[in-house]
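Both complexes shown next keep subunit A, but they swap its partner, so subunit B is in the first and subunit C is in the second.
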Partner chain A sequence: MEFANTLIDWLRPDWFLNLVVISDDYNRGRYLAGLWMTVKLSVLSIFFSLIIGILGAAVQGAPSRALRVLVGAFVAFFRNTPPLVQLYFFYFAIGTVLRITGENGLPQPLVSNFGWAVIALSLFAGALNVEIFRAGVEAVPRSTVEAAEALGYTRLQIYRDIVLPLAIRISLPALGTNLVNLVKTTTLAYAIAVPELLYISAQIWSEDLNVREMMNVLLVSYVGLVAILVWVLHRWEKTLRIPGYGE
Partner chain B sequence: MTWTPDQPIVSLKDVRKSFGTVEVLSGITLDVMKGEVICIIGPSGSGKSTLIRCINALNDIQAGSITVEGLEVNDPKLDKLSLRKKVGMVFQQYNLFPHKTVLQNVMMAPIKVLRQNRTEVEDRARALIAKVRLNGKEDAYPGELSGGQQQRVAIARSLAMNPDVMLFDEVTAALDPETVKEVLTTIKDLAAEGMTCILVTHEMGFAREIADCVYFTDRGVIVESGPPATFFDNAQDPRTQQFLSQIL
Partner chain C sequence: MRPNAPVRGHMAVLHPMRIRSDALPLADRMFNVWTAAALVLALAAVLIAPAFAQDAAPEKRSIIAILLEWTPTLAGGFGFNVLISILSMAIGTILGVGLGVLQVSPIRPIRSVAWLITQFFRNSPWLVLLFYCILLIPFQIEVFGTKIPFPGWIKAVIGLSLPVMAYMSEYIRGAILSIPTGQWESAESLGFSRRQIMTGIILPQTVKRVLPSWMNLYAVLTMATPLVSIIGVSDVMALTRAALSAEGRVDLLIPMYLYILSWFFIYCYPISAVTRLLERKYSVKL
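Coming up: the complex of A and B.
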């Protein structure tokens, strides 16, 4: 009975009526800034990870063995190491070497912690996108490519006009999963003090001692963000749908 | 060497081709004159498809020579585009671009490869689609068409490049019996207009009707060839006789 009461107490919805991120101007400003930072991290990382994925998959089909091995190594490295370790590696190992002398004569970092978070997250998700796109590229029938060759298309034209549009359609479900994961992984930027949603929330709950409320705010915020991404991907999938193909 | 129309438009001399250790073409020699229609028949695995794929350099060859309008096909310095402008190809599985409409499928190569004017290409594409009797299907996607319709789009797509020679690789082999006829009619129209056609086919009746010359290949060599009347009714080689007796 004691346990049940505690549970009911915990589930009481009055936290919702007493949210500092709504009622308090200062905290609301901070929350929105954190949310905006998470959105920026997500959008930029998604954008660059897609570019890395497309370029990487193109190179993996290229004739140059050296380039293929290089991309293979890149994928293996980023797929088989923890993203948090990658982030630390960029921020603490490379970030401390890459310094310039500022106007005041003191050394300062060339890339900000936000910059490193975007780079690390893009590379991490990009490595997985390379594999996802490659699987899509390999699923495009060889005979379709041959038909384009027989019509005089160059390698680049075939990749751009035939292989890529088909490969993207084949890759979309796997790509969606990876991009949703990427949005969730932006919370790791907390570790290098990027003031994103989790970081800001932790600040708020340590000042206002409202861990439970902020946890709920956090979870609802991420569900909302992911829902928007899934909706966008769904719309994209719908516009790309070809009548009579793959049905 | 410049090519003149009194010389063979396509000429193969002692062509040899192996996949690994398996020799698929063991010395093929044949000439095709402009406007001629030739049919290549033979059992599965006799190298028919490989033979015509070599003509537009989809497969390379190990020895011998292939020329198309005097162009040395196997020259490593060959500009493949110049070859593929001359030679159109239609495949067994149609191989249309599934994400493009019928009209786009026909228009894409002239615009992207030949960099021709879009409005001119569109006029020509619509005329070609009408010619293969697919008016009204311009905006359909390949997945919405029957096999026979897709194959006719593939023919129109190839013709949009204004080739001098058309290669047909078992183009009716994947079709329902009732749609075979519509594709064969399209090819017959083309041949009647003087298009040089090289066909690999299992349609013996069609070969007899349309071909100027029939070639029978077996185990990588041309066993026998001749005009259809003599070839089908008076085959000399026992292998040809055996093949024809099984199939006719």
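Coming up: the complex of A and C.
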């Protein structure tokens, strides 16, 4: 019976009425700052990971074998190691070595923890994007490329104007999954004390002792963020749609 | 005269360019002897170079000696990670198959609820779900007078199995929908009940389709297990950080983290390689 009571207590919705995130000015400000930090982290990481993906996929089609193997190794390494350990490696190992002397004469880190989070997340998601774009590039019909060759396009022009626009359309569904994962992975920045949503929420719940409420707020916030991203990607997919590519 | 005889006079002809050399086979491109050699060399360079630098100060131990000294401890931690991943995978798979079957239930409310649960757990961050389980599951539950203790790592296993369940549910749903409807119709005409069709005919056929995704999910899960170190379970990551602070040497940081990264790489790479192989094998025959 005690268990049933616990369950009912757990599900009781009255916590919604006194949410500190809504009622308390100070906590609301912090929460919104954390949300904004998560959005910044996500947008920057998405941007850089897309660039890494596009460049990597271009290199994978390059004639130079050494370059291809190098990109292959990069992808294999970042795909098969835990993102958290990668983040620790960048922040604690490389970040400790990379220090410059600051204005006050003390050694200061060259890149902030926010910077390392963006770098680590971009590289991790970028490695997956390389694979996704490569699959898209390979799905572009050879005859299309040959037609472009016959019209005298250079290699760069073919990739930029013909292959990439088609490849992006083909790889959009897989790309969407990966970018959603990236937004979820930004929570790892908690581990290196970037004041993003999870970090701020942990602060709030340890000060106000309202773990359950903040947890629910947190889950709803992330599901909301992901929903917005999915909606944007869906719109993008619709705008880009041309007959014969994608569904 | 042959049709492709050379034309007299020198007309300007635009030669077709070679766009790409022939694509390497997939396995070759991803990981071949050269890549392996490059990785090993890079690792060796990172490990050995500081060791040479240490020659000036003979009282310090070499990096490799320290790494070897910590290896048994770290191996124990890594084994714990593997145990967590296997348990989470088992729980998540069982729950996920159930949820996936509910997602194609003929009863609409059941279908919607299963869909909602799947989407919710699929779209929330793993770390937040872990926090949820660690902080909100009581440390012991009393059932019929017996106290069942819930240590942190079991809560972590539950926390990790939730997203696995959601992903698995989506895979199963997709696989069930991809089975030709003829299978359903012929089974119905033979008088099987829905339950019999599902367990005896449809689900066995989904195994082959789900297997590559399932293995990939396992690799992803294994790579998510270091997250439990954040919430206070002493896994390989927590032990590594403890080892680093015990040694207190700055030049140990990069080799140590690379060492742990390569442990995970060695464990996860074969899984994803086999996944690729299976994907290629099954993608040919639809």
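Here is the rule we use: the second predicted complex is superposed on the first by the 241 of 247 C-alpha atoms of A that agree within 3 Å, B and C clash if a C-alpha of one lies under 4 Å from a C-alpha of the other, contacts with A are read in each partner's own complex, and residues count from 1 in each chain.
Please note the rule applied: contacts are C-beta pairs under 8 Å (C-beta built on N, C-alpha and C of every residue); 3 or more make two chains touch, one makes a residue touch a chain.
All values reported here derive from a predicted model rather than from experimental measurement.
Undergrad: So, does A:A150 touch the first partner subunit B, the second partner subunit C, both, or neither?
TA: Touch partners of A:A150: subunit B and subunit C.
Undergrad: Tell me which of subunit B and subunit C touches more residues of subunit A.
TA: C
Undergrad: Figure out whether A:Q108 sits in contact with subunit B (first) or subunit C (second), or with both, or with neither.
TA: neither
Undergrad: Considering only touches as defined above, state whether A:K184 meets subunit B (first), subunit C (second), both or neither.
TA: Only subunit C; A:K184 stays clear of subunit B.
Undergrad: Kindly classify A:I242 by the partners it touches after superposition: subunit B alone (first), subunit C alone (second), both, or neither?
TA: The first partner, subunit B, only.
Undergrad: What is the shared patch of subunit A, the residues that subunit B and subunit C both contact?
TA: 146, 149-150, 152, 154
Undergrad: Show me the residue ranges of subunit B that touch subunit A in the complex, using the header's touch definition.
TA: Touch list, subunit B to subunit A: 56, 58, 80-81, 84-85, 87-89, 91, 93, 95-99, 108-109, 112-114, 140-145, 154, 157-158, 161.
Undergrad: List the residues on subunit A that touch subunit B in their complex, please.
TA: 141, 143-144, 146-154, 157, 161-162, 165-166, 169, 242-247
Undergrad: Looking at the complex, which residues from subunit A come into contact with subunit C?
TA: The touching residues are 2-3, 6, 10, 60-63, 65, 68-70, 72-73, 75-77, 79-86, 88-89, 92-94, 96-97, 138, 145-146, 149-150, 152, 154-155, 158, 180, 184-188, 190-191, 198, 202, 211-212, 215, 218-219, 222-223, 226-227.
Undergrad: How about subunit C: which of its residues touch subunit A in the complex?
TA: 14, 16-21, 23-24, 29-32, 34-35, 38-39, 120, 123-128, 131-132, 135-136, 138, 141-143, 219, 222-227, 229-230, 237, 241, 244, 250, 253-254, 256-258, 260-261, 264-265, 268-269, 272
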